[in-house]
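Below, subunit A partners subunit B and then partners subunit C, in two separate complexes.
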Partner chain A sequence: MNQNPKPDYFTLFNLPRRYALDETALGESWRALLSRVHPDTAALADAAVKRQSVEDAAYLNEAYRVLKDPVRRGEYLLQCYDEASTGSHETLPVEFLSEQLDMREAAEEAWQMGDRDRLESLHASLTAAQQQQQKVLAALFVDEAPSMEMLASARQHVLMLQFITRFADDLDEKLNA
Partner chain B sequence: MLLQISEPDSQATHPAPARKRAAGIDLGTTHSLVASMPQGVATVLPDEKGRVLLPSVVRYDEAGEVAVGYGALPWLARDAANTIASAKRLMGRGLTDLGDMRQFPYQWAETSATEAAGMVRLKTRAGIKNPVEISAEILKALRLRAEAQLGGALEGVVVTVPAYFDDAQRQATKEAARLAGLNVLRLLNEPTAAAIAYGLDQGAEGVYVVYDLGGGTFDVSILRLSRGVFEVLATHGDSALGGDDFDHRVFCWILETANLPPLAAEDVRLLSTVARSAKETLSQHETAPVAAMLSTGIRVELTLTAEVFTEITQHLVQKTLTPVKRALRDAKLSIDDIKGVVLVGGATRMPQIRLAVAGFFKQPPLLNLNPDEVVALGAAIQANALVGNRALDSGEDWLLLDVTPLSLGLETMGGLVEKIVPRNASIPLTRAQDFTTFKDGQTALAIHVVQGEREKVSDCRSLARFELRGIPPMVAGAARIRITFQIDADGLLSVSAREQTTGVEASIVVKPSYGLSENKITRMLEESLEHARDDMQARALAESQVEADQLMELTQHALAADGDLLNDAERTAIDAALAELGQRRQGQALNALRLALAKANKATAEFAGRRMDRSVQKALTGKRVDSVVKE
Partner chain C sequence: MAYSEKVLEHYENPRNVGSFDKAESDVGTGMVGAPACGDVMRLQIKVGKDGVIEDARFKTYGCGSAIASSSLVTEWVKGKTLDEAMAIKNTQIAEELALPPVKIHCSILAEDAIKAAIADYKAKGGAQSHAEETAEAKVCAPHVPTA
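Showing the complex of A and B:
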């Protein structure tokens, strides 16, 4: 394994380190960098150079995957500012949890009844909730480093976004089965 | 490293190098071909008689010579055991993978554990041959053809594989090319190759679907083409569905309609050939004659109509649409997002395929390029670029971004799969995940790498097993073992494991272990959806079983160490709860097991509390309180 320090994902793609993301700029930057390090540029090179190009391209692909995904991007930003935050046990507001529980029960019921419309409408409200969480995260992670309070709040909102996204993906699976 | 790379234009100051010889090879199930760009334009290379297609048939003859292509073709029926026509279907496959062996007129040899890792082997008059060696003969013939026409040795080649080929099949293909004396620049997915040829030829922009029905495999890829980037968004397929299956339907129809008795091997071959030519006729005509004289003297004379042909192959056509739907879903796209559908593979000449594709996508498919040649042409364009000839041609730069077709994971406790790499992830890629030890003092970790979409290991394809040894004895859960999957640009996997605190390492380039039948692989995805519910049940059961094992082991351990904390009645209650748990653990009833687990947990709760108190007492002895708090 290459032990060289790797640049952080935002620096790598020349993007500001904040939650709000210019997806087009990310995609263009990813493709531009990949076109320089992709193993296709090293087809006739020796084994060491080939290996390096596979590693570099893999690193770029991983960085792209993380930043492109709203949940992973949030987790990554938390990591950037607070290494210890990964795996910490956050508590979530009771209102949020009980609302989630209600929705899950409603979804289970709709699924049993074969009520597709109800599932679709639940899915739509989850999508709205995802966007809401992303808006909050965009306000918390701006260019300068967040305060301790903001970080604590961000941790909660990332967790909520994980909750909602997981649920939305489950529903999506059911709707497409 | 990433930020230290040279700017692309720094190379422009060097004098332009001379054109290098490069070629693209489409190694197909029924026929193969080679293409190159000798004058900067991609072109297929014909043999000395002007024929472009080389039948993928190899014969070992009485004189000890090897005949490839048209020279071997006439012997298919007469010398079946020594004339091999479907080596691609056997690549990277063990005997148990192939299902019904009677479909092959070969004599199988014992597989060898050491040679070619359990791949099937055939007895021929030239000795025992494996599919890699047989495919190498085809590749060698194409190499000689290319060298003769290009005037010298090849710098390198790009060889295409079905996008849905798994790791074992890819490894086997690369090995065959090496055996044929070729320098493999890249393994390229067939639909991606077709997209390059089509996209560069037509200047296409937007989202395109490549529908590739070959002789023995079906692939579908969805690509976004934009400003010189070919980005594969999703790929799906069936590695055991192709034009041959349509031939086989016709063959079965002949048997039924003519009411024939069981046939000799040569008659099977004869009728297979007749069936194929009837299929080909129906691409141009409404009816096809079916006539043959069997070795038994029986004369077959029938007429196959397009209508009947469509009817008997309808389920095969439908079968191709399932992967199409899955790929669309994985790419998060709908039919309206698709700008065009490119047809690849000779089997897409069948009118019912074209109709089905047009009906599904609500637009006629694109037919600008010869479906037999487009893959080899794309491979030639890519090979030309990889050897550095692109600077010589005025053509623009482009970039190819492909994905891995099947999910990859590891076996965890209870026979469950922990997915490490999801299907349709961009390659090359590296993914790491941390694991730990299950038992106190455990010094080795068995690592089982699997490929597939299902939750249980037994339903996925086993790719490799290896062991990480020399882990220093630690308490359960203390070791940090990082397992890293790396997939290179050819889609080939390597896996490494490293214990983080000590640096003990083990790694493997995945060699297949042939655990699962070929047909199962292609069913895996369908089943993973159909059985989502079963899987959840199975997972819950397996998890509860693991939990039960852990609880029983822990409690036994605790009883041995601190049994003196209990009076007789308490001890009896715990023993009874454990006995019941042990019994339920053996069964399949999830709720009964869960109940027993809850009971055992309850019965041992007080005991656990007392043990905790005792260990706190022990820990505090001889330590000041503040030092304990700090820790």
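Showing the complex of A and C:
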């Protein structure tokens, strides 16, 4: 068993600890590391080495998935700075929630009327909203540690991004059904 | 995970779906959401001059348990005073609907929604007939909801 503490995901891929992500660098780094620990390359080794390589590959893949996902990357950064998001029991700005409810209502109506154009335009505004949230997060999580205020704000924006993403995924499913 | 009979019943025949004009002074609006599941809930109360909740409306986008929880709460708050409505606990909602542990957060959301609606109503000055109003008016402290 490996008793050494595992490096954080950013250090693992030799990436700066910020929200804005160089996806190409992440992908390249992931592939390079994986080729070294991939269980297949340890096929001839003894059982302990094999098990270790399976574990390492799993850790690498999880790290890759987390950093690649805009919501999970945000949550991970919050965690890095000891501000774990506490899950479902969180308050969001009333204006934001009202807007989301209105859009849900509009989507439901469009769906019932079979108005595909309307659904696609709603999906487009959700995509724009996702990008906007990501932009804000990129400005909050830069190289140096964020202040308490910035962390509190980041937590809200991660939650909003999560909310919007959930809705966008639902619409995606409907549009591709 | 199968829904209980009561959840299905509320899900298929939700009570009090709709909205009141949130600008009206006798209306309190509570908006809450759960980012992880994308649920969003709006719960509104209409309060009489005697401080009793006359009517309630809700609109919820979410799973069956979230819809059933808000539907149930709109039924429960009618005829209650604000203080009585404040005392509604998520555990009572969860028990009534026989919610499984993974759905408890839906009942918490409904409890938050009713508390938020009451706080909104009070913040609007809807509780003007109450004695505390004069005392509050003299203190220039920021408004802190007691919810």
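Keep in mind that, in the parts below, the second predicted complex is superposed on the first by the 167 of 177 C-alpha atoms of A that agree within 3 Å, B and C clash if a C-alpha of one lies under 4 Å from a C-alpha of the other, contacts with A are read in each partner's own complex, and residues count from 1 in each chain.
Note that in this section contacts are C-beta pairs under 8 Å (C-beta built on N, C-alpha and C of every residue); 3 or more make two chains touch, one makes a residue touch a chain.
Remember, predicted model here, so these are calculated numbers, not experimental data.
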Joint occupancy of subunit A by subunit B and subunit C, clash or fit: clash
Subunit B versus subunit C as contact partner of A:101, first or second or both or neither: second
First, second, both or neither for A:176, with subunit B first and subunit C second: first
Contacts of A:7 with subunit B and subunit C, given as first, second, both or neither: first
Touched partner set for A:35, first subunit B, second subunit C, both or neither: first
Partner chain in contact with A:58 - subunit B first, subunit C second, else both or neither: first
Greater residue coverage of subunit A in the superposed arrangement, subunit B or subunit C: B
Which of subunit B and subunit C A:126 touches, first, second, both or neither: neither
Offending stretch of subunit B which, after superposing on A, collides with subunit C (from 364-372, 544-552, 562-570 or 616-624): 544-552
Complex contacts: residues of subunit C adjacent to subunit A: 31-38, 40, 42, 59, 61, 105, 108-109, 112
Complex interface listing, subunit A residues touching subunit C: 87-92, 94, 97-98, 100-101, 104-105, 108, 159-160, 162-163, 166-167, 170
For the subunit B and subunit A complex, residues of the former touching the latter: 1-3, 5, 8, 155-156, 185-186, 229, 231, 329, 382, 385-388, 397, 399-401, 425-431, 484, 486-489, 496, 529, 532
Footprint of subunit B on subunit A - complex, ascending: 1-2, 4, 6-7, 12, 31, 33-40, 43-44, 52, 54-62, 64-65, 173, 176-177
